[in-house]
Each structure stands twice: as structure tokens, then as C-alpha cells.
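Before we start, here is the structure in question, set down as C-alpha cells.
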Amino acid sequence: MTSMKNNLNLGLAAFTVLAMASVPAFAQEAAAPTVAITAATTPNVDYIFNTVLFLIGGFLVMWMAAGFAMLEAGLVRSKNVAMQCTKNIALYSIAGLMFWAVGYNLMYPGDDGWIVADVVGKFLPVSLPDPASDTGNAYATGSDWFFQMVFCATTCSIVSGTLAERIKLWPFLIFCVVLTGIIYPIQGSWEWGAGWLDDMGFSDFAGSTLVHSTGGWAALAGALLLGARAGKYGPNGEIHPMPGSSMPLATLGTFILWLGWFGFNGASQLALGTLENASAVAKIFVNTNMAAAAGVIVAIILTQVIYGKVDLTMALNGALAGLVSITAEPLTPAVWQAVVIGAVGGVIVVFTVPLLDKMRIDDVVGAIPVHLIAGIWGTLIVAWTNSDANVVTQAIGVGAIGAFVFIASFVVWAFLKFTIGLRPTLEEETDGLDKAEIGIEAYPEFGTGSQRI
Amino acid sequence: MKLLTAIIKPFKLEEVRSALTDLGLEGMTVTEVKGYGRQKGHTEIYRGAEYAVSFLPKIKIEIVVPSEQVDKAIDVVQTAARTGQIGDGKIFVSSIERTVRVRTGETDETAL
Amino acid sequence: MTSMKNNLNLGLAAFTVLAMASVPAFAQEAAAPTVAITAATTPNVDYIFNTVLFLIGGFLVMWMAAGFAMLEAGLVRSKNVAMQCTKNIALYSIAGLMFWAVGYNLMYPGDDGWIVADVVGKFLPVSLPDPASDTGNAYATGSDWFFQMVFCATTCSIVSGTLAERIKLWPFLIFCVVLTGIIYPIQGSWEWGAGWLDDMGFSDFAGSTLVHSTGGWAALAGALLLGARAGKYGPNGEIHPMPGSSMPLATLGTFILWLGWFGFNGASQLALGTLENASAVAKIFVNTNMAAAAGVIVAIILTQVIYGKVDLTMALNGALAGLVSITAEPLTPAVWQAVVIGAVGGVIVVFTVPLLDKMRIDDVVGAIPVHLIAGIWGTLIVAWTNSDANVVTQAIGVGAIGAFVFIASFVVWAFLKFTIGLRPTLEEETDGLDKAEIGIEAYPEFGTGSQRI
Amino acid sequence: MTSMKNNLNLGLAAFTVLAMASVPAFAQEAAAPTVAITAATTPNVDYIFNTVLFLIGGFLVMWMAAGFAMLEAGLVRSKNVAMQCTKNIALYSIAGLMFWAVGYNLMYPGDDGWIVADVVGKFLPVSLPDPASDTGNAYATGSDWFFQMVFCATTCSIVSGTLAERIKLWPFLIFCVVLTGIIYPIQGSWEWGAGWLDDMGFSDFAGSTLVHSTGGWAALAGALLLGARAGKYGPNGEIHPMPGSSMPLATLGTFILWLGWFGFNGASQLALGTLENASAVAKIFVNTNMAAAAGVIVAIILTQVIYGKVDLTMALNGALAGLVSITAEPLTPAVWQAVVIGAVGGVIVVFTVPLLDKMRIDDVVGAIPVHLIAGIWGTLIVAWTNSDANVVTQAIGVGAIGAFVFIASFVVWAFLKFTIGLRPTLEEETDGLDKAEIGIEAYPEFGTGSQRI
Amino acid sequence: MKLLTAIIKPFKLEEVRSALTDLGLEGMTVTEVKGYGRQKGHTEIYRGAEYAVSFLPKIKIEIVVPSEQVDKAIDVVQTAARTGQIGDGKIFVSSIERTVRVRTGETDETAL
Amino acid sequence: MKLLTAIIKPFKLEEVRSALTDLGLEGMTVTEVKGYGRQKGHTEIYRGAEYAVSFLPKIKIEIVVPSEQVDKAIDVVQTAARTGQIGDGKIFVSSIERTVRVRTGETDETAL
């Protein structure tokens, strides 16, 4: 994803190119590829296409919020399902409000809006121009804000899964406020806001690092301070699995995320108004789909070989890991390269999920392997297919954002832990958070739900 | 009267029920239970970690019969529920002192 | 939403403007905002963009039918879930058939097609022109019909939730036939059909009143004649809650509705072929999202404060109430105003849901607070942000449509009650409608489902 | 669906037409319908619209994979739900990989790429051109591949439903590899690849035969070799129904499929860049929706009349049968004709579902009536509304493709049966495939799930 | 002490519970069961095929009472659970030899 | 033989099971039940209206043991199931007259 600044230029390009484009002679020349490419559509058409790309991409990514909700509802035990649903709809709402009140301008300060040049943007709520004079960019201002906001929400969704079943509602929501209002936008400004990482040549097309690893780091910091679910790990290193309550909901959630990812990666091309952009978006769709497919198949084969049975939850994680892996660069890889990149994502899931358990880091839905580890992989491998990127700069970006997000999150989590506290009482946790904090069971009529014999 | 409590394998329920009906025993109460015994559970793997499923699904049939029919009933249940495999289950017999039919207030054998 | 008539003009405008638009000189002028705005795209491009807007908006609103189905399936007890699914897919189908056979032309009679001028349109099934000569408007005829039809279906979906768990299938479906074929189109013609309310200056952009309140009034009339579910209210005014069977399905349904609403409000701009229209659609997306977010957060905070626990079902209702509130005017409010308007929607839910219970009006899913009451609020508040609207005219519109829909619905419900009857026997209701009328349990294997100990 | 070849011409047409289109004189003429129609947009705009059509249509059809997953998860017993989810996400992934590695070029060899002229295309993986020079067609290459791929995946999804609850995972997945890589592409090339059926004048707009019947034939061959589920049919011809585990999931799946079908049929117009194409897509949306609606209502009425109760699962099948019926020709029918065509689909379901049971063919979700039988009906009835088609040629196409797919599938199934075997042991089947092959229950906490008293 | 086992219609549970509470019987254990008896199940149709639902949902109430209270308890349950319709259920009485309250170790009547 | 029926708190099941196994009691049948007793339920709020949840989830363990092992078994269960909190549950002892192992037909103690 280039910075908004670049994108504006791109818009202006359309205008200038146009003089030549719309003269009658155009048609014939159009037949010749080279011209056809540079030939932009008329500025309004270009503007409308870009806006449509942001809006369609935006609603697809918004839909991912439902995907996370279903995935997590399916992977937690039934006694915590209503809580998980509550967290997911609340965090999506918070992301919208915070990214409007603070986040957007902190992330996209423009050329001269920085408080600390290229590091910290400005604090200012967003207001939209009158549509009749919304001509500052090659797209509608609102469409860009909407598209950026849903990315911020996605980052936050990642956190809720890891910490499920044992964190109280309010401390979690307060963290979401800080993450979506401050932490996410600041690190985002370094790259997509045209800050220092962008200047350095760091490349993260749709956010393997800026969105997924960021969510993963915030989740990891939380998991370390929060500790594991009661009874998850025995005194002698035993691991006690706590199977999720609904495999079909987890599967539905994964399909929703897969669908949303076409908007996530595709619309990150940020422009649709030229033949080249349209073709690029199409190529991104293909690579995105192939990486996910490879992740699924690898996870299925590996779990069959290693465990003698196919683990559906690993296959679902595999799809997501494939998607995260290709997110840093879905455009430059050839199809076979996208397959390879996604396949490695599947491998990562199968091997790091048990690893985390061995380290006694309790990640309920596997968000750390899927979003953090695969996100790092995806960011580093950009250098393989994109000659503009080099692995050192990529590593610096991964490290810088990782350090900032992890430390900042850790501080916030620690503050919450020692003030209002993060965890419910053991009894509340045993009874389930639905009873303790929501007051309704997710499935009041299906067996006793909250425990299994 | 005696209470026969039979713990059987779930997929045998239908056979047992019709066998009992053929015997003229028209009433029973059935419960889904989980059992533990010689037939050990199995271990499963979830996200790379093993765990033991120590309880297995079973069906509990409770049927109150006139004392003189106990032997026949036991026979019938044992034959119908039998697979010869471990985990086939058990039949327990205890005595019932009184029975009342809620609808009519009839008591004991007439209430069955 | 302007009337189709206006929309046609809008299309013609595009044609005329074009002469100037597509001369070579265009490009330079385009740089100057003022011209860029008026400069339309070529008529075909304009036509295609408008058609695309209707089709995308249309399938998003069609998807809301699934949202209502899931929301209601989640909020009824499991013994009535299969029935609720049946009602929802049936009513969506009926809406399509009736709006084709009768509704559309009754609602959009055009300038001279009225039976009673500006009050009752004409009775005529819809037939679509050959695509090769579908040039009567600035959009494809079929795309407009499809977009209008899904609004009709939405109105009908609202009714099924309120009356759930105690109304027989057939009387309900018969009511749907009348609502979608007659009642909805007639009141709709008054405003969107360029009837008397439109002439008066009443303003309802996407249907807070025409769709949501209309559904709410029809539901209210039904609830009054139908009475409450057996055992819902005790003799001494006790209220016996009957928790829904699946919170994740209710949450999924809400997310689906939220997603669909971008089409509902966004495509109600009715045109996409100019820079201004594109920017307007984008702004509508933002305001729609913010109103929903505010509704959720307000409902969460209020239920926490008032009841000491967060009520997920209220949070879900809060999102929908926020959406309904902004639907009458999603374009003119500044973002912060959209937040305020949606927040009030959240307040409405938290306070009117218990109020209805006190009045012993049994609204299973909270459709009356969400669609009727928030719909009235949203319609009246238009005057705050849209200078063309005034609160008196808005009140007249709310009153006129409310009176017509409530009375007409009441008559139909009463007729059904005293002919085929509305309610199943007490035993059928106790056993659940699934057993009584559908013959399959929604969840045959999960506990006994139909009651809880 | 015309062949890719025709589509290319269509693209070129846009170029030539253009000379006239973009001269200043254009605007006025545009007012005159005839010209407005032929007048294409500029080549880039045309290209972008076509690409957008493929991408939106593509992600809608991709979403159908989730629809099949939910429909099947809802219609199998809970002890096989996790397996069904696994099969569905795996087969979608396999379809993507195989259609890239082999399928696409086998199906679309172009004019001179055939191994056996007009019968067998070439074996060659797909690679996408650099977006900067992707000017070979009037749409982005990747968008076309993506759109074609999801059709291939849909074909495969159909099979999993019929064979559910009794086929082992791996033989099923191996069959999917052959179906998506070889069988589907070869028969597809005969028509959409501009092969011999296309030359003959066979007409199948969006795949009633090429996609739906093909899936149905493959499923039928499998069902015959696999046999019925244990206990499904008694020795004396008794039929023992095995109700599905979740009606709301089945309903959700149907709504997802309905939504996806707008992309399935609508984007099969293959072009959006002219007024006529836009209007055609819109008309297709309307006809598609009406056929489904008619299928639902007919199924509801018939089951009420015949059985005295409404069968929800038949109503859901009715919607799908209506959709399949209109898929062979969604453009030429008048709305009322679409209603009739879809209604017959509903009739087919209600009468052929029990028929299959009488023949002891165990089709768990009703895929054979819905996709195979309604697909044949839809293909034959094309001649009613499309003068270019004649029923004999249609029958030849149905027969040829049916014979090829059924025999080829039968051979593959037979091979698998006599090598690795298709069925689990009786005990594994009784315990459920989730326990046997997946190792996790779909709903570990809801009752014992795997059986009902 | 005696164990009263009552099989009743699900929707009668609340009435029975409060009736017993009025009697001062403060403890009971309840189980969801399926019953089979004179009240036959019904047949349903699924996708065009008939099938018999032979078991009906019932609630089993188990309550241990001091012997002298048995008669009152039976009366109360029978009245509260009665609809007069077939399928109202049964009450079975058997004897309990010992009772222990886990929390305190109290035994027999004091443990109830 | 005696039937021990123990009503315990769900999360204590695992402890009780292993304690019994250590005692060499290799078989038991477990049921999910709801309990009502001194430990009152709680009130919840749903959409603004209060309602009482009077029954609490409990686990019922049924285990048939040779008479001479009853005391040990009671001890073991009571220790393992005890939290000291109200609602810990009860142990009821009644007598079983006969036991049959379905698989083999063995009877009484040998069938356990």
C-alpha cells in the first residue's frame, strides 16, 4: 500500500495524462498497448472507480469483523460464546469511533501535519468535505477513511481471539480504545502515512506487519500478562486441550475472512481507474486465493501425517496463515510463488501452534501463529518477488513495529492489570464469562453447555 | 416391583425397546449418560495436544416391572443389548416399594 | 431517496451536460473543481455506474434477508427456530413475487399512472424492456426494480421477528402477501413514488419511515391482536423472559444487517456516475457505520450501568437502532452528528424494550423499538441536518404513514384472526411451532431443545 | 456464457466502435437509443467494467463455497459435521490449485491449443501477464481465471453433499482432484471453451449443465458405488430418515447460495462496459431472484398439501432448484417465464427427493434433484425463450456431457473403491466420521450429539 | 429415608417444584429424560419419508425425603403434575439406606 | 451390592473419578443433571426483565460397589468432591439386588 500522498499524485497523473487521452485520436492509439496503459480514464471516471474500489473493499473488510466473531465463537467453549460475540461487535464499534476521533489523522497527517516528523502525526478528528467539493484526491475522502478504518478494526479483532475465555470485558475494551486510537495509527503512519519506514523503503502492501503482526504483538503482550486459562496447563507440563464449541461456526468464520480478504488485499491497490490497476487488482485476487488454498492443503496433509487425523481447526488456521503470508505482497508474486508463500504459512501454523502450548502461552484461537508469525514471514519474503524491497529493510520494519507495538501494548496491559485487573475470579472463569459478565448463556437450551462430562 | 436399570450402547436402544415391547413391557424411561468402565475411552488430538476422552456415550434404560417378570426382562435386555464386545454394559436390579400413576392415582402393579 | 421521476431527470442531466463534458477541452477544465463536479461521465458510463450501484446495493440488501433470519433464529427458543427460518425465506420469496405482480407499479406509477392522483398508483405487473433498448432512464430498469424490491422485502422481515413463536405460518404468510403487494407500495408511493408527501417536502432518504416504521407499525398491529406468548406475562404483572436459543446466530444476523445497510443507505443515493454522487455514497457509508457503532457502545454502557451486566441482545439491537436512526438522512449529517443520531438510537432501545414488556406487548426480537421507535426518531431528526426538511412536515409524514399502515394492517390481522385464526393451540405453542407446523426440530440432537430445566 | 473467444471479439468490438464513440458529436447522438447502445465506453473503461464484473461475480461465487459448507453442515447429523466442514474447505482449495495447474488451459485452449480439436484442450499451468501489458482481452486475465475457477469449485461442492456421512475423507479429496483438474475442464471446453458443443449451437448460459448437472452426475456415480448410509434403508424397503443437525445453518447456507447466484448468473454475461450489457446483467439479477422465489413458494405449498406440514428442507431445496433451473438461460426469459421455470424446479424437488429414496439412492442433501434433475430441466427449457437454441441440440448437450461425466466419474470412483476403499468401517460410520477421521466433535458440549434417543 | 422418583411432563416442572418447596422439601435433582409408555409417540415426515418418534421428552425428579413425609410428597407431586391426560407420568418410591452431605459429612435425615 | 449416587459440582468430576479409580472402582455412570437445594440459584436479567435460575448444573455419579467397599467409597467421594461451599452435594446409598454384565452374563459382584 503506498502512502496517501503517492496516491494523490496518482490521481493528479490521471488529470494530466487525460489531455491526450480524450482527444478523438485516442481510440486508434488505444489499440496499441503502451498507450492504452498510460491512457487514464477521464478524471471523474477514474475518481469514481477508485472510490468504488475503496467502498467495495471496505465493506468486504468490514465483513471480516463478522468472520472473527464467528471464528472465535466457534473456538471458545460455549460458556464464553456470548462474551466473545459481545467483544467482537464492541471492538468493531470502538475502532470506528476511535479511528474517527483520533486515529486517522494520527496515521495520515499529510506532508506537514506531523507532531514529530515522520514518527507521530497530529491529533484531530476527521470531518468529511461536502461531496460537491470533494476533489482533493483521486477518490472520495469518505471512501478512503472507511477503507482505512476497517483495517484498524481488523487489527483489534486479532487480539480478542488470543485472550478469549479469561479476560474481563471492560479492561479488554479499554485496551481496544488505546490500540485503535493510538498504537495502531502511530505505527501505521510510519509506513502508510509516509513516515520514516516508508522513506526507508520498507514495503508492506496490505499489512502483514502493519495490521496482522501488530494485532499479534498486542495479543502476545496480553497473553503473557494475562496467563493461561484455568486448567489449561498441568503442573507437570501437561496440556489440557479445551475444544471449541462449534466447528461449523469456526468454518463459517474462516470462509467469511477469506472472502473479506479479497477486499483487504485487492482494494489495497488503492486505484482501479486504469487498465493496469484493474489488472493488478485481478492478479491480487488470484494470488490471495491461491495462498489461502495452499495453506489449507498443507495444514490438512501435515496434520494427517503427523497426528494420523486431519485437524479441522488447523486447516482453518492454515487458510488464514496463507492469507496473512501473501498480504505483504500479493501483486508481484507469480501464481506459483503465491502458492509457495501461502504453503509456508500452513507449515507455520502446524508447527507453531503446539510450540506455543509448550511455552505455556495460551492462544485460544491460534492468532499468534496465524497473524504474528505468518505476518513476519510474509513481510520478509516480499524481497523474493519485489525487487524494490530488500530483506534487511523488511526486517527493520518488522523489528521496529514489533518492538513499538509489543512494548506499548505491554505497558497498557500492565497498567490495566494493576489497576482494574484483567482476570475474573477463578469461580467466574469456571462458570464462564457469559454468566459472570453478560448474564445470558449463549445456548441456554443445549445441554448444560458450560461443561462436558 | 423391581426397577431394572440397564446401561447399554446407544445404537442398541431400538432393539432393546422393541424386545421389551414384545414382552408386553410398555413403559420405560431413557436417559443419555456417559460411562466409564473396563472399556476405556480413547485419546484424541486437538491442535497438536493429546487428551483423554475417559467417558463414553451410553444409554440408561429404567424400567419398573412386576417382580415375577424380572427374569424374563433381564434375559430380553441382555440378548438384545449384547454385541459381545467390551462395553456392552450392565443391568442392575433394585426394588421399588410403591408406584403411582399420576394421571389416575392408581398404585403399584396396576400403575405400570 | 428522491423519486424515480427526479432520478430520471438526473439521468437526462447527464446527457445534456455531456456535450460540454467530452470535448477535448474537458481535461483542463476538469482540474477546476466546479466544472469537475458538474462534468458528468459519458451517458453510458453514467448509466453503467448507476446500474452497478443498484445491483451491488441490491444484493447487499437482499443479504439482509439472511440477517433477519439469523437474528430471529438466534432470539427465539429452539422449538421455534425451524419455523422462523421458514417464515423468513418464504416472506422474502413472497415479496419478490408480489412486488413484481403488483407492488412496483403501485408504488412508482410515474407521472400519469395514478388511479387516485398522488395517493394510489396503478395495478400492473412489471415487465422488463429488452436490454438493447433499455434507455428510458439513466439506469437499467431491472436494477431499479431489484433495488426497490429488496426494500419491500426488508419491511416484511421486520414483522416476522415481533410475532415469532406464537403465530401460525399461513396467516402470517397471507399477511405478507398483502403487506408487500398493497400496504407497503401504497404508502411508499406517497414519497418515493413522487406522491403527495413528496410534493409536501417530506424527506426520508432511505426509509426510516417508509421501510422501518412501516414494518414496525404492521408488527405492532399484529402483536396487539395476537397477544403475548403463553407464559410470557404472569397474572400479577410478572415478566418471564424467554432467552433466545443462540447468541452467535443473533450476532451473525446483526453483522449481516450492518453489512447490508451499506447497500441500503449507500445505494439510496440512486446515482454513482458523477464525482459528487460517488463522494456522497462514500459519506453515507461513513455516517451509516458511525451511527451503528454509536448505538452499540451506548447500549453496552447503559446496560452495564443500569443492570450491572452487559446485555448482548441489547447491544445487537443498539447497532440496528443506530442504523435505523440514520437511515432517514445519512448524507447531510457531519460525522459527529451521525454519531449523536445513532447514539440516541441506542438509548431508545435500552429504555423502550423493557417499556414494551411493562405494557405487556410481546416483541420477541425488539423490532418495535429498533424499527418503529428509532425510525420515528430518525425521521424527525432529519430537520436538524437537512435544511430542506422541517420537523412539522416530517411529523406529518410519520403520522400519515403510521396511521395508514397501522390501520390497514390491523384490519388485515383482524380479518385473519376471525377467519382462519392467528394462533396455534396452547399445546402446539408449548410443544413449539416446529413440531406443530414444520414437523422437524431445528436441532434434533441437542438436548431436548424445546425446554430448559 | 459465450466462449472466451467470442468474448475477446466483444472486447475488440469496443475498440473499433470507439472511434465514433468519443468524438464530440457523440453526446447528442447518445440521446438516440440505437446509437447509445452500440456506443461503447472508452476501451479502458470497458476493460475495467468487465474486470469489475468478473471480480465481483467471482467473489460472490466464491462465497457459495461457504453456502454449501453451511447447507451440508446443517443437513448432516452432528457426528459428521466437522468432517463436512473439512471436505468443503478442502475441496474449494483443491479446485483453486487444480484449475490453476491444469484445468483452465484444458478448458480454454484458445483457437489452436487443442490436443484433440474441440474435444481435449492443452495441459499447461496458468501464469498471469504483467498488469502493465495485460491487454490481450477486454478484461484482466486474472479476473477471468478467478471467475472461471469458482465455477469449477462449485461443481465440486455439489458432490460432497450427496455422499456425506459415509465416505472417507481421502478418497473423496482424490476424486475432487480429478474432477476439478480433468473431468470438469474437458466437458467445459466443449461449450465454454468453444469446442464441439459450442460449434453445434448448444446453449448453457451460466452452467445448468456444465456446472450443476456435471456435479450431479459425479455425485450420482459416487452414490451408486458407495451405497446408502448404514441404517438408512430397512430390509423391507423401509426408509429411515436421518434429520439434519441444524436447520438454521441449512437456511443460512441457502441464503448464501442465493446471494452468490447473482454473481454466478449475472457475471456470466461476461461484459459490463456497454449500456446493453449493464441492462442485461440487471435483467439476469431479476430473473435469477424470481426463479428462486418461485421454487420456494411452490415447495412450501406442495409439501403443505401433500404432507400436511411444510418441510423446510424442501423449501430450501426449492430455492436452489429454482436457481439451477434458470441458470442455463437467465437473460432471455420474461419475468413471468422465469417464475414458471423456477416453479417447475420446486416441483421437481418435491417429487424427486422421495423418488430417489424409493430407488434406495441415498442423497443426503438432495443435490441430485436440485443440481442434476433441475439442471437438465433448465437446459432443455432454454429453447422456450431463446430462439437461437433448439431442444434437440440442448438434449444432445445434456446427453453428451452426462454420459462423459457419469462414466468418467464412475471409473474414478470404482478405482478408488477397489484400491484404497471409499467407506469407513461400520463402527466408524456409527460413531461418526468426526471421531473416526477428524478427531474432534463438531459440537463437543451439546448433549452427546452423535445420537438421539 | 425414601427416594421419590417422579417422571412428569416438562412444562409441569415449575409447579411441582414450588409445591414441594411449600411442603418444606428444599432439595431435589432433576434430569431431562425421554419416556415411552401408553402415551405413544407420533410420526413425522422428513423429506417425504415417515418416521416414528417413539420417545417423548419428560422430566425426572429425584427427591429423597424422610420416610414419614413420603405420603405428603406423593400427594403433592401427583396433584401438581396432573393434567388428566395420558402421559402424565409415574411416581416410584424406593428406600435409601444412607445419605451424606458432602460439605459437612452430616448423615441421613440431617443431611437432607 | 450397593448403589452409591453422588450429586456433585461439575468441575469436581475428574477428581472424584480418579479418586475412585485409585480405590480400584473401575466403573461408573455419569449424568448431567440440574440441582436445587440450600444453594439457591441466582437471578439474571434478560432484556431488562429479571428471572430466577432456580436450578444449578450438577453431575450425578452412579456407582455400584460390593457392600464391603461402601464406606471407603463414600469417604473417597466426599473428600474428592468437597469444596466446603454450600452446594457440594449429597451421596445417597441404596441396595442393588442383582447385577448382570450384558457381555458375559456374569452376575453380581463378578459383574462389576
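We just call them A, B, C, D, E and F in the order they show up, numbering each chain from 1.
Here is the rule we go by: contacts are C-beta pairs under 8 Å (C-beta built on N, C-alpha and C of every residue); 3 or more make two chains touch, one makes a residue touch a chain.
This structure is a prediction, so every number in the text was calculated from the model and none was measured.
Fewest steps needed to get from subunit D to subunit E, stepping only to touching chains, is 1. Set against one another, C-F and C-D show the most C-beta pairs in contact at C-D. The distance from the centre of subunit D to the centre of subunit F, with each centre set as the mean of the Cα atoms, comes to 54 Å. The geometric centre of subunit C is 48 Å away from that of subunit E, both derived from CA atoms.
Chain contacts: subunit A has residues 21-22, 24, 45, 52, 56, 243, 246, 252, 307, 309, 311, 313, 439-440, 443, 446-447, 450-451, 453 touching two or more partner chains. In subunit B, the residues that reach two or more other chains under the touch definition are 30-32, 34, 45-46, 55, 94-95.
Contact between chains, per the stated criterion, is found for A-B, A-C, A-D, A-F, B-D, B-E, B-F, C-D, C-E, C-F, D-E, E-F.
Remark: subunit F residues 3, 17, 26-31, 64, 94-103, 105, 111-112 touch subunit B in the complex. Per the touch definition, subunit C reaches subunit D in the complex via residues 15, 18-19, 21-24, 42-45, 47-48, 51-52, 54-56, 58-59, 62-63, 65-66, 69-70, 73-74, 81-82, 85-86, 88-90, 92-94, 96-97, 100, 125-129, 131-135, 140-143, 145-146, 149, 169-170, 246, 249, 252, 434, 437-447. Across the complex, subunit E meets subunit D through its residues 34, 45-51, 55.
Across the complex, subunit B meets subunit F through its residues 2, 6-8, 31-38, 54-55, 58, 60, 74, 77-78, 81-95.
Partner subunit F is touched in their complex by these residues of subunit A: 430, 439-440, 447-448, 450-451, 453.
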